[in-house]
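So that you can tell them apart, the chains are marked A, B, C, D, E and F in the order they are listed, and the count of residues begins at 1 in each.
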Amino acid sequence: MRGTVYVYRRAHFSASHRLFDPNLNDDQNQVIFGACSNPNGHGHNYHIEVCIAGLPDPNTGFVIDLKKVKQIMHDRFLHKVDHKNLNVDVDFMSGINPTTENIAIAAWNQIASYISEGKLYSVRIYETENNFAEYRGEAS
Amino acid sequence: MRGTVYVYRRAHFSASHRLFDPNLNDDQNQVIFGACSNPNGHGHNYHIEVCIAGLPDPNTGFVIDLKKVKQIMHDRFLHKVDHKNLNVDVDFMSGINPTTENIAIAAWNQIASYISEGKLYSVRIYETENNFAEYRGEAS
Amino acid sequence: MRGTVYVYRRAHFSASHRLFDPNLNDDQNQVIFGACSNPNGHGHNYHIEVCIAGLPDPNTGFVIDLKKVKQIMHDRFLHKVDHKNLNVDVDFMSGINPTTENIAIAAWNQIASYISEGKLYSVRIYETENNFAEYRGEAS
Amino acid sequence: MRGTVYVYRRAHFSASHRLFDPNLNDDQNQVIFGACSNPNGHGHNYHIEVCIAGLPDPNTGFVIDLKKVKQIMHDRFLHKVDHKNLNVDVDFMSGINPTTENIAIAAWNQIASYISEGKLYSVRIYETENNFAEYRGEAS
Amino acid sequence: MRGTVYVYRRAHFSASHRLFDPNLNDDQNQVIFGACSNPNGHGHNYHIEVCIAGLPDPNTGFVIDLKKVKQIMHDRFLHKVDHKNLNVDVDFMSGINPTTENIAIAAWNQIASYISEGKLYSVRIYETENNFAEYRGEAS
Amino acid sequence: MRGTVYVYRRAHFSASHRLFDPNLNDDQNQVIFGACSNPNGHGHNYHIEVCIAGLPDPNTGFVIDLKKVKQIMHDRFLHKVDHKNLNVDVDFMSGINPTTENIAIAAWNQIASYISEGKLYSVRIYETENNFAEYRGEAS
């Protein structure tokens, strides 16, 4: 038997962020976001886990060479967020509240069209080992 | 692109249990359940991983605030099972053989109707890092 | 509520391999497979994660006794690959480039028909914690 | 340069226990031990990590063959505690409050004299990934 | 045999920081600290691991009740650094470059004199799983 | 208080090896080394953990910049062993049985004299998460 295989590549980045709604003041943001809304920010060691679905190539045995995926993840996402402040330093997060949900959607949008073999299937962002979010490109 | 996001919250509890069928004697249970049927019980550091699917709120960026999920998991599940004997101390496990499968179903039933935003998508119970079970609310 | 549960069993093996296409020479293989094509091989601590879907038995509470799954995984897969060279020592990998994708498909084929209760749902192979592949038995 | 090497072997066991002082009643034990004193017990996935110090043998390169250490750990410790109740089922824990500290000392005493090459250097017991204790055989 | 036991308690905090020397300008700091000196900061999920050495109490079996240690760690350290900016929000880090080394020393100084049974033996700070530092209270 | 701090840097490499004594035949090696002596080799995802002890610099707060340590580890050790066969491809392992003990000693010898600030305190090699060895430069 032979068919679709789902290949995963995981990587890491360290970033700071502050959750807040710019239409609200600090006290209102504190009510909604709690400690995550500390005005001077806090940070995380994030993990990103990208999944690509496709048929393995009969010659190479690869759905897609993960070295290519590693390069795309670096160029389109990691080098823009690693050791950065997600509220201030990242062009594609501008005006977006950096929740785990929104980072997952943003990462999908940065990466999806660059996957040249197979198709992007899911992007998962771990904020901690206990809190994470996955986006699968489903339209609302 | 924007659509359904799957958010996860993971938590931990330490509990003891004994696997056995009350219609069978100790020797018969030993044949079926092996060491897991030791009459004086044994125990585990369990992990529970809850997944909720939904659209992120445009203002907060949350499918559901994970602090709410944490509270529901505590009130409806964790404080009833943590540092307890699953065969004796837990009302919602009464008469249920505490296999990983049955704990996952019971946790779903305790939690599902309390999720106020998005919908409960899956509950995963890790008995050890090598043995785990997931329930997705599928009817039989 | 009660229905399908997905049970998982995870195990480990240590093996060496070399990625290469026998129709190409060493330099050509180096271009495609990079360091993974080192002629004298390299190796990994692999993890295999098997998932079986089914209804828990009303008496035992098991989809399938994981001790049975452990035995099938050992007999049909692990004892043939653990502490082996995947290019040379493994009958069911003969003529197959040992990418993570191909190991996952091979493991599925070795195990699927031996699962006596429930049905094999997925096989995941971790080459490292950052690179892994999953096969779900989908036909191409 | 060449000299003492410290080799480690890690293993796992699942057990239940209850912390209590038999000279006190349940309420008094609850004050001291809290949830850990639940009368019907609770449990953990414990890890044991044994360290042996010595000079590597010039022929084998081993301080001690870890397969020997694995066997000693199994025969003298693991098969007596795995899937057991530490308060009731374990001869060498009889009359001993099964705190992590006391389990580490008991494991040392079970194993130390059986190490035939090198010397036992430390025994570490993990009750959870956040709580653990190490004993080094130091006299009081 | 019975003697000194080393008990460990591990906890977690999420914080942002920027490494820089206030006597230098941004470019000079960039040369020394690289990406860690991003002016808008970045962040980590830190782990702190505290070790206390002492004789187990003959009645309780505890070197020190880890619930006490947990409370001291919370009151003296964690609630001051968790979800904070280490350069701005933390009184006891004022004027200190928040390297892993300096956080470990600061945590020791915050906690050591509050350990009422046994003695503080080491404080380890993990910035990531690959970078960490330990301080043992040794005078220079 | 201020004094010696121990800083750690952890890295990873994937390699194959075969344990055997060249003075013995395959059957004799099988008796001593078991599955680890498979003639075609096997492999591991190794971890190396280097510890350096010293006083933090008052200006930088570093015992030693871990970026320097990373570079030394790469140049002197990792690029020579990663994706290699430890029996055949590695100059500094020539004629050495690649046990975890001997890899730790070899890594120490490759790295120690290149540590320009602080002193190398220990080198730990993990062959798996359950088997590892540490060398501290102690003379025999």
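General observations
One rule holds for everything that comes next: a contact is a pair of C-beta atoms (placed from the backbone, for glycine too) under 8 Å apart; a residue touches a chain by one contact, two chains touch by 3 or more.
Nothing here was measured: the structure is a model prediction, and the numbers come from that model.
Fewest steps needed to get from subunit B to subunit E, stepping only to touching chains, is 2. When the partners of subunit A are compared with those of subunit F, the chains appearing in both lists are C, E. Although subunit D and subunit F share one sequence, what matters here is the overlap of their interface residues, and that overlap falls short of half of the numbers used.
Distance between subunit A and subunit C, defined via averaged C-alpha coordinates, is recorded as 27 Å.
Averaging C-alpha coordinates per chain places the centre of subunit A 41 Å away from that of subunit D.
Shown for subunit F are the residues in touch with two or more other chains, of which there are none.
All chain pairs in contact, by the document's touch criterion: A-B, A-C, A-E, B-C, B-D, C-F, D-E, D-F, E-F.
By the touch rule above, subunit F contacts subunit C in their complex via residues 12, 14-17, 35-36, 38, 40-45, 82-85, 88-89, 128.
Put simply, subunit F touches subunit D in their complex at residues 19, 21, 23, 32-34, 96-102, 104-105, 108-109, 112, 129-140. By the touch rule above, subunit A contacts subunit C in their complex via residues 1-11, 55-56, 59-63, 65-67.
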